[in-house]
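This structure is in structure tokens; I'll ask about it shortly.
Chain nomenclature is as follows: A, B, C, D, E, F, G and H, assigned in order of appearance, with residue numbering initiated at 1 for each chain independently.
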Amino acid sequence: MAKIVIDEERCKGCELCIPACPKNIIVMSEYFNKKGYHPVKQIKPEECTGCAFCAITCPDVAIEVFK
Amino acid sequence: MLERIIISGFGGQGIMLMGRLLAYAGMLEGKNVAWMPSYGPEMRGGTANCTVLISSKEIGSPIVSHPKILIAMNQPSLDKFEPNVSENGLIILNDSLIEREVNRDDVSVIRIPADDIADKLGNSRAANMVVLGACVKKSKVVKMETIFKALEKTLAGRNQDLINLNKEALKQGAELVED
Amino acid sequence: MGEKMLMKGNEAIGEAAIRAGCRFYFGYPITPQSELTAYMAKKLLKMKDAAFVQAESEIAAISMVYGAAATGARAMTSSSGPGISLKQEGISYLACAELPCVIVNIQRGGPGLGSIQPGQADYFQATKGGGHGDYHLIVLAPSSVQELVDLTMDAFDLADKYTNPAMILGDGLIGQMMEAVEFKERKKIDLPDKEGWILTGCKGREKKYIVPFNLDPYEMEKINLKIQEKYKKIIEKEIRYEAINLDNADLIVVAYGTVARIVKTVIDNAKKEGINIGLIRPITLFPFPEKIIAETSEKINKVLVVEMSYGQMLEDVKLAANGKAEINFYGRAGGVVPTQFEILTEIKKYLT
Amino acid sequence: MKKVFGSPKSLTKVPFTYCPGCHHGIAHRLIAEVLDEFGVREKTVGVCPVGCSVFAYVFFDCDMICAAHGRAPAVATGMKRAKPDSIIFTYQGDGDLASIGTAEIVHTANRGENITVIFINNAIYGMTGGQMAPTTLIGQVTQTSPYGRDPKTMGYPIKVAEMLSTLKGVAYISRVALSKPAYILKAKKAIRKAFQSQIEGKGFSLVEILSTCPTNWGLSPIEANKWLEENMIPYYPLGEFKTPEEVS
Amino acid sequence: MGEKMLMKGNEAIGEAAIRAGCRFYFGYPITPQSELTAYMAKKLLKMKDAAFVQAESEIAAISMVYGAAATGARAMTSSSGPGISLKQEGISYLACAELPCVIVNIQRGGPGLGSIQPGQADYFQATKGGGHGDYHLIVLAPSSVQELVDLTMDAFDLADKYTNPAMILGDGLIGQMMEAVEFKERKKIDLPDKEGWILTGCKGREKKYIVPFNLDPYEMEKINLKIQEKYKKIIEKEIRYEAINLDNADLIVVAYGTVARIVKTVIDNAKKEGINIGLIRPITLFPFPEKIIAETSEKINKVLVVEMSYGQMLEDVKLAANGKAEINFYGRAGGVVPTQFEILTEIKKYLT
Amino acid sequence: MKKVFGSPKSLTKVPFTYCPGCHHGIAHRLIAEVLDEFGVREKTVGVCPVGCSVFAYVFFDCDMICAAHGRAPAVATGMKRAKPDSIIFTYQGDGDLASIGTAEIVHTANRGENITVIFINNAIYGMTGGQMAPTTLIGQVTQTSPYGRDPKTMGYPIKVAEMLSTLKGVAYISRVALSKPAYILKAKKAIRKAFQSQIEGKGFSLVEILSTCPTNWGLSPIEANKWLEENMIPYYPLGEFKTPEEVS
Amino acid sequence: MLERIIISGFGGQGIMLMGRLLAYAGMLEGKNVAWMPSYGPEMRGGTANCTVLISSKEIGSPIVSHPKILIAMNQPSLDKFEPNVSENGLIILNDSLIEREVNRDDVSVIRIPADDIADKLGNSRAANMVVLGACVKKSKVVKMETIFKALEKTLAGRNQDLINLNKEALKQGAELVED
Amino acid sequence: MAKIVIDEERCKGCELCIPACPKNIIVMSEYFNKKGYHPVKQIKPEECTGCAFCAITCPDVAIEVFK
């Protein structure tokens, strides 16, 4: 079982984590954060393997991974 | 006559262009004009703003502490500049991105759902022109035709469709306000 | 020509330089003047018999200017505070070798890396010699985009006329601002022939050289005396300033560049309050308009110097007034531009 | 559940102010992880350059100093000579290191100063709005190469790792990229080796990191990664250029 | 200690620095100060916890000083005119970052490559800020080899006391000359603790940083205001000068360094001719001994400033006198040292 | 009888002021001979460095200019860009070129500026009285390496020809010596090739000349030649490091 | 008392050392002293000179335009400095290298065949000491023993033979002049 | 037949031409020139081949060669 936590206020919606996820379970959200970016969100959390590729790729240290 | 305008928003919203069109139009109408951008890396991701001065006389200080007109394209811009607008001034705000009410009651306020209209026009980046259209119509700092001319000169060499789209956005913005 | 264009200050300098015949630009990017570097790239890279080189550093840039100027070409470089500091050795060489060129400093807040907002704290560096040895640049201080254009063109002429480097001392505000400018037809002026000193190969003549040194101190002193004579001539002939409202003013403000235009608004506003303010705006910082300040301060005893610094031009004003007037000072620095309100408030202090 | 990935201790909690998708953030994190892993945060001083990463002093949770543009290696030399037990790294852009700071990096490397240099090669001057860097690729359009970099008048992109590897004083040099997880993991290893080399007193170490500047390249972060892989890596081969046996 | 040694000025600086606890020297050779660099190499390369680095350039040298100073170490660099010009950006950084260190300028004739004979034309650069922005160095002007020793030691103390770079402004003559010197036991003075700002790793405390900038102009202004406050304190507390024969003098000479000692001989010779000459010799050039000059010039109306330049300190003297006395000037430059005969002849001009 | 050897036209008649046995004089003569042979004296401008050869302007009978210390390549760039038809050479010492002027030589080479650089490597700062140069050999005693150059704190002697040869913009680089007639003849050929490369517009050319400084080495001119051959040549191999096919 | 001495010759003749010994000796005798070299690359191959001042009072100007004593080790030195020697001054010249007569008749002149004597002593480099010995004996600016002390301090750590040789040269020089 | 001409005033007595001469016919003179150097001189001029090695080696362009 694995889980990621996205810090939506740190996220700048750069989308780099999206292709990094082998499970394709990260997508853009529709809403803005305080800085005016669309943060990403995880869909199908049950599929997450905790591989941390998303986190490794994130330039803004916006993703934490738990396993 | 000395018009003092501050235009503010996110980087990428076309803030600088709005200001330059106003200044250009002012020049075409034979006025003295000055345009001042905020500059430097702090713009990155943050807010961008510019100042436009249009005057019948020589322009002294190009620094505007108290604008007569504020165009706020997003909420941080409103937060930052609202307190400075001069009494009886005008605030034009982008209703699509600003939820809160204006706190001042000594200024006129116009709310323009700019992004929504631009989206409908098929180009979300034209939100700036929608607001500019409203501003010009309401404030009469320059004539709408002059803005059109300024637009054509400024975008000369670019796609004619783009120019037409921007004109349309200006017009739609203008229609939202009364004379 | 003659048509009005809306231009950013930095770009206007570039266009003016090119219209003044400058075909060689060597520079290194720095805010708030990078648009000038970019403008020169855009234009010169498309022109024949022209060159734009992004130098590896400001030091290399000033040395390239030195080389190009030595061939007789009109050459230019530009930077801001930290970059201008790096050019000081090169500037001292240019002054000593008597090579004409134009150096633009779009000042920002200092010292150190500072801020990138407007400043005027490089005045000492520009006018007293930031480099080593006794030398002077011709220093021009524009206060509008139109004046940036006119003074840039003048700078090339003055540099050639006196075979001396000239500096445009602007600031981030004027560099970043857009105003309407006109490129007026300029009347041709007679400039000294460069043939006598330029280095382009010794075909048909004796070889020549340009060497800014002499290890014999008496010979080195001669080099010095020659340029000192030149400075005297420049002081005699080239002083420029704008004077507003000097008669019956309650107080005279001395300010240059951006600050001076803010003061003009102050003058208008003060008038509404019944206060009569005069302005002396030095356009040339070297040569400094000493005489007008001396004369005026004898008549009007209250003087306020306003700068975006902690008082640099202030010293030249004091030297000019030579004890004859009360010289006060108001300054902001680090990138802060004084507002018209602050200045008026300051003025009122001295009028009660 | 245990946290298996989070912000390293050697980073402060302040969000980066870099543009969306900018690799400076990844590079910062990797360095911080390495400082954590070696347990040297408390004796480390980082030297920021002038460039976008001039703000690095806000983000690293260790002592930091800002050098004049290009002079970080000289500042680092002064610090290391005065406190040989401390761990000193510089963090420099390609304008800073490969243009104005050429003399400093060459001679610091040549003296074999026992410091670590992290060199962010993003083929552009980010901070000043996108001018040509010494590492800008041929044909690349920038503010100062508006018609594309022309090798005839502007020279060829400088291969810093290769050039510095000719110097005898150098202990470790490698080139890495940050455009995908596999590269990022390799980059981390290289940064580890570089710091290890310093900790073991082997001498000068440098990691050249191919990075994106989406803002000034005019590309989205994803496009920028792609551009990096398709254009930069072929010209700037990844790999180790110099290793002391004990570190490799 | 206490024993007299015959030492060259340049070497005496080095020995004094080492005795003042300086263990880190970074420099680049240049005449007429290279003996200092060589002396530091000879000594520091043999000492523990010390370093001598011949930097790749003056720019690298000043940056190394910046790095070493940031760790709390006493660090020094030295050069002459052209090299000091190259250090201007770094000096502005040091001043902004408030890092203590000692910079030695053994002046030679300028500008450009100039000559290698003695000069005093880097006064403006040293005192007004050759670099960009508003800042000041503490500038000390020795006039004998013994004073080189004493002031070098003081320079380190003053630098630490005010966390500000200090400059020894000498010249080729004093650097090359040998005189007897004594390294006296100095009484310990209380200096502020450096712990608060030095960077040596954040063990047991929050991280710290030294960054000479702030992109917010208002914050940058605060940095400026802080150092300006410091300068006020320095002006209040640290002014030093030597005054000779000020009562009933027919004329007062103001001169510093090498020139001042020549003037002392002039005073003796003049006395023989029945002429009474006074001397004010500023020992600190920043802070400048304004008050004594103001007071004296009110009493004795004739002042002659003598420099190996075309009049740089002259401006500070005029500013101090503020119109109260007739300020005259005599200067030689480019490496020429004025003789006692010339100076006396010049003095006589003003006494008829 | 015909004069088969005499002073070239491109030298003035002023006797050199260099120390007895100093190789600067030989290097001057060779350059002058090459200028004569190509017939380019009248369109040549030479750039003197700061160093003993700052006086070169007196000795060459062509237009001359003196650059600030280390900046000769930048000055040459400015001149060549402004007058592309002229022939521009710099004449620089090892302090000038390889220390303070590192950034300028690297970038001028990298831009492929069409100029010729004559680089006098005498392993010392001559003009200022014998301090360590970047090219000073390990163990060599100088004013600033009084106990011999120690690579641990002072780094290794920099091999300029090798380092610059890694740069793509470079057309021609070779290293020669002047300690005996055979070497001198080879040196002349290298200088010819360097100027030829410029005349043909091939780009940047540099000849590194191993030279003696008897005065600051503390040796007689003959001993100095021997020291050069026994110590410098083994470390600094002679030969061509880069040649455009057409020039070689 | 203020002794003003200029010593001049080729580079390599040991000019600077002569001056330093005089200054050192002056210091050892409790006087104020100053020594000033000519410096820089122009020395190379050319002439080198130095100035020595020995005074009972504080020394002001270290520049000597008119020396009381001139030591000329070669002809160019005599040419350069002869005219400046003060009236009633003393010129000591190296007869081995100077052929011409001194033109002044208001000064005392001593000719010392310094190189010849040094050669005879077996070390041609000791010519400077021969002249110095003559100078000290004649002028009495310092005592001969003090020069010996200065020599020992200055050459401390070097070969004792060298010191002895120099002393011998000083003595032989002294013997050539009368008290 | 060959001949060399030594410019005694340019010669600095560096001696470099001496070992350069394959015929060993250059030697130091005993006298000084105006600058204080001992110039070299040629002995046995009849043996000179005009090879110019001496001249090539001379740093002071003090030797001319005629053939």
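In the analysis below, a contact is a pair of C-beta atoms (placed from the backbone, for glycine too) under 8 Å apart; a residue touches a chain by one contact, two chains touch by 3 or more.
This is a predicted model, so every value here is computed, not measured.
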| request: Treat touching chains as neighbours and tell me the shortest step distance from chain A to chain E. | output: 2
| Top chain pair, ranked by how many C-beta pairs fall in contact | C-E
| Taking each chain's centre as the mean position of its Cα atoms, how many Å separate chain D from chain G? | 62
| query | Any idea how many Å lie between the Cα centroids of chain F and chain H? | reply | 26
| note | Expressed in whole Å, how far the mean CA point of chain D lies from that of chain F is 34
| query | So which bits of chain B are touching at least two other chains? | reply | 40-41, 45
| note | Listed in rising order, chain C residues that touch 2 or more other chains are 31, 51, 53, 56-57, 59, 82, 89, 93, 113, 116-117, 211-213, 215-216, 337
| note | Multi-partner residues in chain A (2 or more other chains touched) are 12
| In their complex, what parts of chain H are in touch with chain F? | 1-3, 9-10, 12-16, 18-20, 37, 50, 52-53, 55-61, 63-67
| message | For the complex, give me every residue of chain D touching chain C. | response | 50, 54, 66, 68-70, 95, 99-100, 102, 125, 127-129, 131-132, 134, 143-147, 153-154
| message | Give the list of chain B residues in touch with chain C in this complex. | response | 20, 23-24, 27, 32-37, 39-41, 58-63, 65
| note | Note: in the complex, chain C contacts chain D through residues 28-31, 34, 37-38, 41-42, 45-46, 51-54, 56-58, 82, 113
| query | Residues of chain F touching chain H in their complex? | reply | 1-7, 11, 15-16, 18-26, 29, 180-181, 184-185, 214, 220-222, 225
